[in-house]
Each structure stands twice: as structure tokens, then as C-alpha cells.
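Two complexes, one shared chain (chain A), two partners (chain B, chain C).
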Partner chain A sequence: MSTTIKVARPVDWTGIFFAVVLTLVIVVPLLVVGTWAFTNVWRFPSVIPQEFGLKFWYQTLARADVWSSITMSLTLATTVTLISAVICLPAAYAFARMDFPGRDILFFSFLAGHAFPKFGLLVAIAGIFLQLNLIGTFWGVVLIQLVGTLLFMIWIPVAAFQSVDRRMEEAARDVGASPFRVFWSITLPQAGPTIAAALLLSFVGTFYETEGAWLIGAPQVRTLPVLMISFINNQPVIQYGAVLSVLLWVPSFIALLFARRVVNSGSFAKGFGA
Partner chain B sequence: MSVLTIKDVTKLFPGGTKAVDSFSLEVADGELVCLLGPSGSGKSTLLRMVGGFETPSAGLIAIDGEDITRMPPEKRPTGMVFQSHALWTHMDVFKNLAFGLKLRRLPATEIKRKVEAVLELVGLGGYGSRRVTQLSGGQQQRVALARSLVLEPKILLLDEPFASLDQHLRERLREEVRDIQQRVGITTLFVTHGQDEALSMADRIVVMRDGGTEQIDRPDVVYRNPQTPFVAGFIGTMNLLEGTVANGIFTRASFSHPLAVADGPATLAIRPEALDVTPAEPGAAKVHRVTDYGTHGLLDLDLPDDTRLKAMVSHPAQYRHGMGVNLTPRAVSAYRNNAQIFRSEA
Partner chain C sequence: MTATEAGALAPAPTQRKRPIGLLLVAVPVLLVLWLIIWPIISAMIQTIWLPTPEGGRSLSVSSYEFFINDPYSRANLSITLWTTAVCAVLLLVVCLPIALYLRFSDSKLAAYVQGLAIFPMFVPSIILSFAFIRVLGPNGTVDLLLNSVGLPKIKSPYLTPWGPVIGLVWDNIPLTVLILLSGLGNVSNQAIEAARDVGAGRFALLWHIILPRVSNSILVAISFAVLGIFSAFTLPYILGPAAPEMMGPFMQRTFRDLFDPTNAITQAVITFGFCILFGLFYVRSVAKNRTP
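== the complex of A and B ==
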């Protein structure tokens, strides 16, 4: 004889509450902005725009400052990501595989930049950059953005390298591969997807960053987000800002796809536990 | 045609652990030697020094007389099989096996031929295109073995290759590996802490303790004639009795046995199968438990001071808990100051 016991699952009100709040805070604004970008006319009492169309896409994309800021943002994000990779990946491998005095303190210092209010830090750095004549220059902005990528570009690759089984590397040495060949043929492919995600995150992070770019770069260096802010501040036409922000979503979506992989693989959590 | 020589090798880790302590061994051509010892006795460290993954603090390692002590692993003619197969999961089986051959710049047809041959050898013919993760634990370990064998190393090193497998598979692979090893005739150093594994596979066993050697002998000799009380207690089941010798008689509580050695403390070692039991009241010991294995029985016996002894009997049914018995060892060995001082054979 068997009895089945049914346990009524309690309704998770907290979960529902947070889901609803998150939807309201994130999805609704996105929808509104998305709608605005493809709207020609939308006057107040109406819930649905009176006229859809691509008018403002043509207008926005016809502006020279939009194109120059897109180029600027892409160049900046690419430069920062490449430099960051060249500096951080070998450092991350060292962190993952070697033990040296001060390792832990140095490791956590990368977190420090993110633990304090960022704007205060930026103002202090801006003061130093002023002395060095770096304010308003491309390389000044590159430098400030590099600092911002350190967290991603050290912590995630360290976790990725650490999760590569050391025995796999030794087995490769054993069959005759040089240390460099081992890194190239075994370590990198094993850590590859996670490192790609780190590169993407730092690219996107740089692409979107506004405070540093504005404080150090303005007015000569103007990135896409900085331009968008000035549009929103100075123009009564909402659509300009909306079009730019839809443009800015593209890297986000790609980044999100990759971020999912990193989070799922658990190596990000491992990085924080290291 | 390959001889491995390890001479006075010591490994001192930073932090002060002496993992291996002036260890010497010569493995003859085609011989399979097992390193056997408890956890932390330095077996893996020794093996890793032969493979080139640790550098000895002192001593010499040579293959066929050529000093390889400081040679990096990729230059050594050794092949290592790790406990956790350590296969490269981003490559399929074929690529795993071909990687080393490619590094040696062999032509593609030659690589294909060799890989297929070695897959046949380990019983995995036709598995080349499988992903490593699609294999069972036993198959993965076979691929790992094949990956080493395909390069035809002079010395094969195995570090507890079956530790993560279940009992049945372990026994089967043990026979297969022994079989392959003898067919290929490769000189092999094998680490295990399973005595069954060592006793059934090895040509010779090295019993290790705290980085040093306790005994190096053929398996049957290690079993029948352990040179130290540690080996006696470590290999197989053994009754170890601490007691004293006076006037040629060894005594522990109610148990005594003639022992022709000088007076003083001694440790007596008796195998359960070499301890004859006869019912007697009150007797020297009491039966605590009777276990019937069908083919034979095992008695747990208690001396009056609660010392527990084990004895093997052919008719367990005649014994009951609480019965008195007398004990007559047929073969004993005795130890004092960590060395054998007496031995008698049945």
C-alpha cells in the first residue's frame, strides 16, 4: 500500500513581487524607448503613436557628430580592450598558476576601484591628468577606461585559467609539447569561451561608460553615450535620444548572450571565491 | 631494452616537507614495479620526478644510463597516465592520441595508422571520432593509456590510474593493463595504495613509508616474509602482538609462544591463516565473533586484555560467541627495533 502525500507549494509572493518590479523598471522603459525610436508623431493623450516611421533614423544618421562619435566609441573600446588583454591576460595566468608574496592583496586591489564611489575617484584622477595634460585627449580616456576594465579582465580570466585542469597541461608536456605550445593548444582553448566573454564585457563596458569619458574627454573626445546625454539634455526632440539608445543596445545583446555562458559555467563565481 | 635507475633521490618541498627521502630503485627492462604505501608516503612525488614534473632536491634519475634528472618533461622518453585521465576535452579521441605524434612531425598516414593500432590494443577500435566526454570512466582511462603508449615511451608511469573506477572495472582493467604491458614489454612504474592491485600486477613491490623504502621484493615474498612490522601490518591481514620475551618464551597476556631470541620487548606477527585454533575451556582466548564466508570462516578472538586477534578456520560452524579456544601459530615472524629478529615458516 502506498500513500501519496501532496504538499501544496506556497505561493512565492516575494519572488512575484521582485519579478513584477524588475519588469516595470527594466522592460517598460526599454519598450517605451524602443517605440519612440520608430515614431514620427506621438502627442500626449494617445497611448499609441499617431505615426510610425524611420524619419528620425534618417535625421540622426545624417548628422556628422553622430558618425564621428560612433567611430570614436568603436576605436576607443577596441583600443582599450586590446591593451587590457595584452596587460591582463598574462597577469591573470600568473595569478592563476603562481604563488608570489602579496598575491592576494594585489588581487583584491583590483576590486577596490569598484568598491568606492567612482565619481570621487574620477575627480581625483582628473586632477592628476590635468597636471599631465591628458584632459581632453584620446589617450587620457583610454587610460581611465583601462582602469575600469581591470576587474573583468583579471578576475574572469584568473577563474578561467584556474579551472583548467593542471593535469591536462602536464599531460601535454608529457607527450612533448613546449610550455608555450601547451598554453596555445591546451590552456587557451580550454579557457577560451570564458576569456572571450571577458573581452566582450570589457568592450561593452568601455563602449557604454559615460562618467569617465565625459569628465576626462570633454569636450574634444565625444563618445556615443556622451553625445546621447547631450542630446537628451539639449534637444526637445525625444526621438534623437531614443534612436541613439536603440543603437547602443546592439553590443548589450551580444554581451548578454556571452554573459549567460560565463554565469552558467560558474567560473565567475569561482573567481570571487578564489 | 630500457632500464630506469633512481639513485639517492630526495625531494624537499618549500615549507619543509620531505616527500621523498634518499630513495633508490632500479627497474629492469620490461619489469612492472609497484610503488605501494599509505597516503602521503611520497609515491606520486617520486613518480612525478621520474616524469619531470618535479625536480629532485638531490640524487639522480637515469634511463638506460642517460642522466635525465634535470630534463624537462617534454624531452623525456617517459609516458605518464594520471589518476584523473587528464584527457583534453576540447579534442576528440583521435586528436588526443594524435597530438604527440603531430608534435613529432609524423606524416598524416603514419599518424592514422598508429592511432588506429593503439586503439585496437586498448580495445577501443573505431572510437576515434568520439568526444572524450562521451566515454565511460573506464574507456577514458584506456584512452589515457593509449595516449601514452602510442608514443612508444621507454618508461611507462601510472599514478593510481584506476582509483576513480568501481571495483569490478578496476579488476578488469588491472588485468588488461598487465596484459598490454607484458605484450608491449614496456618498463613500468605503477603507483597504487591498493595492496590487491600491487600483489596481483607487480613483478616487484616497493613498500614506501614517509618517503623512504621499507621493503623491495616480489609480491609473494613481501606477503610471506615482511621485513618490518610496518610492512607486516600494511600488506594483507596480520595479527601484530606487542609483548615481551623471557627465557625463550614470548608472552602477551594469556598468550605465549616459544621464540628463540634474546630477552626483551618484541612484536609478533601471525597471519590469520597461520593461527590454529582448538576449542578449550577456559582457553587462552574467547571467541568474539564468527564470520562464515562459505569457503572458510574468520574468527575474531579476544585475549583477556581485550587484544583482538583474527584466525582463519575451515569449519566455522563449530564456534560460538563466548567459547574458549587455545591458539597455536604455525608460522610467525618477530620484530624488535623495526627489524626482523626471527622468522619461522609453516
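== the complex of A and C ==
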């Protein structure tokens, strides 16, 4: 902006204040966890660890429960994302391109779950699962996590399909391309990146979903976040939890790399009703 | 529902009604009916249509009476209301200044501040809980630093009602800031400059020009936070006291540890009742914004 403003405000004290406070409150606690993960010995009065090292990485990765819960989390997130894609993408295409009775009300019905406090809804669903003997089963957890992905997996792809240039599709039809060919060569490449973002969002969201997995799945279905809860509650060795935290953060980090631009855009906040 | 008033879904390009569309959307819609609408209806029926000792079922509000007359349930409800209210106020106090700064600053630091404010979105709450204990827990980083300069240790908020408050505020900062920032986009620079020209001070500017224009966004941000916090589970379960506990852990324990689904579902219906206004307002706002 103009130089007059710079002269009037030579130092951005407010900005410095927020930057320092947020760094202390948001970055430092995570750095502490990161430090613990690479610490062999850190006894109380010392401000810095007595001995750094990878000892607890070897020990944590040698634990069977860690590997079984990593496998469980990845299997669950992949299953839920795939099923969600198979049932939601055709539905999103229909909402974007076809007219049918009740289209609007059905489209907005996916908001229903968001009018209720989430855990209360989970308990109500668990009441249904109890009668169906789905408590403590893999498919019970898949179902409850699938419900959590529906809204994003339909609303985001609908926007993607609607932004595809119709004239290109019509041009392709005019020169004799089959509907499938048009979808494969014109529609999908244009809608693809947004749909990929929805898939990533649904995978990461499912990977970290703790409440449904704990309420429905425990103790038989143990995902990585559920294992982390038991480490926090019962594990006296701090480093196990720290190493698991670093492992657990990897999918979030990947999401961070891809999604930062999306999150900073105004349309993202609008999706949350802003 | 309110959603249809908005009618925000753009008209489909094919004007011919084609029932095949219904077929394509059938599976997700049936899932919503089976796993959202039906559980809510069933929860209400189940909690007033209770089994009688004779083996039949009859209309009764005894599970709600039990909740109201049980001092422990009432304590859990009040700690939940307290936590939700304190978190909502703290979130506004913390996030409104950040959002105001981000909206009106042209400094290079603004990008860094925005990056930090959004960062907690990419930190799962389970990692946050662990970090909280390592920093503010007994012999945590804060204790280490105080000890190294010869000061006494802090009274740790871990396992007190302030534990969940700190965790939940931390967790909700990104979306609150984003929603408020999006609302502040509606405040035009001209309005601000015009008010400045007639001599409005900073406070008058905030009170008369900015706040009236973002009041809706503030309500949306609060509704979203209340819905998330009222039945929060992970953070209160790990960071909060064992008794009284917030509704989330209380429902979980009643359902899984006490094997008492009827009372757990009664508690769930009670949380629905306390949040229904926020929920409807929130859903209406999301639906209104859906203009593809």
C-alpha cells in the first residue's frame, strides 16, 4: 500500500505480538513432542534432554500393537474412502447434471447430521448397531465413518462437475464421441483435481476419526488414534507416545502440503457457513 | 426444511425429469436415512417407550426423570454447559482480534500469523492432547522452565475442567478465525474510511461499523463451536477430570462401560435438545451459502 501508511506505522507491533504469542502457543508444544520423540534420556530438572537418539523409534516400531493398528487404520481409511467414492461420485454427478424428483431436498439432506452434536449422534447410531450386533466389528466402524464422509464426498464433487465446461463436452459429442468417452476424456480431467482433493480429505478425515472408532470399535478394532489414547492413559514411557505422535502426523502433513491453498481461499470458510 | 428456501442448487442443465438420477443418488440418501434420520427418531422413541417389568413396553419419561433427579448427571450437564460457554467466550476474545488484524493489516507478518492460526486444523486432537500433557502437565516444559529460573511449579490444568477448555479452544481457533475473516470481508474499506473522516475512534469504528456487519458470522462461528464442544469426546476424555465429566465421556462410559444404552441414549437426546437452535441456525447458514 501507500508509503503514508508505512510512515504512520513503522513497526507492526500488533503483528509481532500475535506472531510471538501464536508461535509460543501453537508451535512450541508440537516442537516439545517432536523433541521427546528423538530423546533417549530426559529426566526432570534438565531443560534440554540428557541424551538424544533413535532408541525409542526402534522400540516403538518393534511393538506388534503399533503395526497392527497402523494396518488397521490404513485398511479402514482405504475401505471407507473407496466405498464412499463408489457410492458418492455417481450421486454427485446426478446432482450436478440430472433433474429428478426431490433433487433439492435430497441434496440438502446430507446436512442433517450437522445439525446435531456429533458424539450424541454417534451414541444414537450405536444404539441401532447394538441391535444389529455391529458393536466391536470392522464393518460397524466402516459404516459409522462412511456416514462422516458423505457430505464432503458429495458436495465437493458436485461443485467440480458443475464447473466443467459444457461446451467442450457438447463439441466432443458433436464429433461423435460416446457419452463414456466424453466423461473419460473431457469431464473427468477437468473435475479430477477437485475430486482428488475430496478423496484426500475423506481419507485423512477417516484416518484421524477417533470417536466413532472408540465408541463402536473398541476394544476389538484398534486404530492408531485409539492406540494413542491407551498410550496416553496407561503408558509410563513418554517416548512411545511421542514417536507415535510423529508417525500419526504424517497423513496430516501430506494434507497440509496439498490443502493449504484451498483452506486459505474464501470459499472454504463459506462451506462452513461463514 | 430451511434448506429448500435457499434453493441454492443450480437448475440442472437437462430440463427433462429423469428418474435415473434418483437411482444414482439412492445409496447415499438411504445411508443418511438409515444412519442419521432413523437413529435420531429411534433415540427419541426408545427413551420414552420403555420396557415394563411385565415384559411389554409403555410410555414413560422415567429415564429423563432419572437424569434430572440424579445429582451426578446434573453435575455433568452443568460442567458441559460451563465448558461450552467459557470456550465460546474465549474463542471470540482470541479469534476476533486475530481476524481483525488479518483483515486490516498490510504487513508481511500477516501471512505468518494467518498460517499459524490455521495450523491447528492440521494437528489431530489426539496429538494436541499429548502435547498439552507434555507442556502443561506435571513436570512438563512450563515446569522445567520455571524450575530453571528458581520459580515454583504451576498448578497444572491437566485433569481439571480447564484442561478441556484450553484444548478445545486451541482446536477450534482455525475455523473460528476463518469464519470471522470471511465475515469481515463484507466490511468495505470505504465504510471504514468514511467513518474515520467524520472522526470515529477505533472503538466507535469497531462497535458501530464493523460488529453490526459481522454479527451473523459471529453467530455462525459460535454455533459451529458450540455443536463441536458440547458433545466433544477426545479432549475432555483425556484432559478433563474423572468426575464430573463432560457429556461426551459420560455418554461413552454409560454406553460401553455400564452397558446401559437406554440412559446413554437419553443423555444423547438431552444434548440434542440443548444444541438444536445452534444446529438449525448453523445448517441454515451452510445451506444459504451453497450457491454453486
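Definition applied: the second predicted complex is superposed on the first by the 232 of 274 C-alpha atoms of A that agree within 3 Å, B and C clash if a C-alpha of one lies under 4 Å from a C-alpha of the other, contacts with A are read in each partner's own complex, and residues count from 1 in each chain.
Rule of thumb we're sticking to: a contact is a pair of C-beta atoms (placed from the backbone, for glycine too) under 8 Å apart; a residue touches a chain by one contact, two chains touch by 3 or more.
These numbers come from a predicted model, not from an experiment.
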Chain A contact check, chain B vs chain C, more residues touched by chain C
Would you check which partner chain A:A159 touches, where first means chain B only, second means chain C only, and both and neither mean what they say? second
Is A:A91 in contact with chain B, with chain C, with both, or with neither (first, second, both, neither)? second
Give one of first, second, both or neither to describe whether A:L146 is in contact with chain B, with chain C, with both, or with none. second
Contacts of A:D174 with chain B and chain C, given as first, second, both or neither: first
Of chain C, residues touching chain A in the complex: 1, 3-4, 6-7, 9-22, 24-25, 27-29, 31-32, 35-40, 42-43, 46, 97-98, 101, 105-107, 109-110, 112-114, 116-135, 139, 141, 144-145, 147-148, 170, 175, 178-183, 185, 217, 220-221, 223-224, 227-228, 230-234, 237-238, 247-248, 251-252, 255-256, 261, 264-265, 267-269, 271-272, 275-276, 279-280, 282-283, 285-290, 292
What residues of chain A sit close enough to touch chain B in their complex? 165, 167-168, 170-178, 181, 185-186, 189-190
Taking the complex as given, what residues does chain A use to touch chain C? 1, 5, 12, 14-16, 18-19, 22-23, 25-30, 32-33, 36, 44-47, 87-88, 90-91, 93-121, 123-128, 130, 143-144, 146-147, 150, 154-155, 158-159, 162, 166, 208, 210-211, 214-215, 218, 225, 228-229, 232-233, 238, 241-242, 245, 248-249, 252-253, 255-256, 260, 263-264, 266, 268-274
Chain B contacts chain A in the complex at 51-53, 72-75, 78-80, 82, 84, 86-90, 99-100, 103-104, 144, 147-148, 151
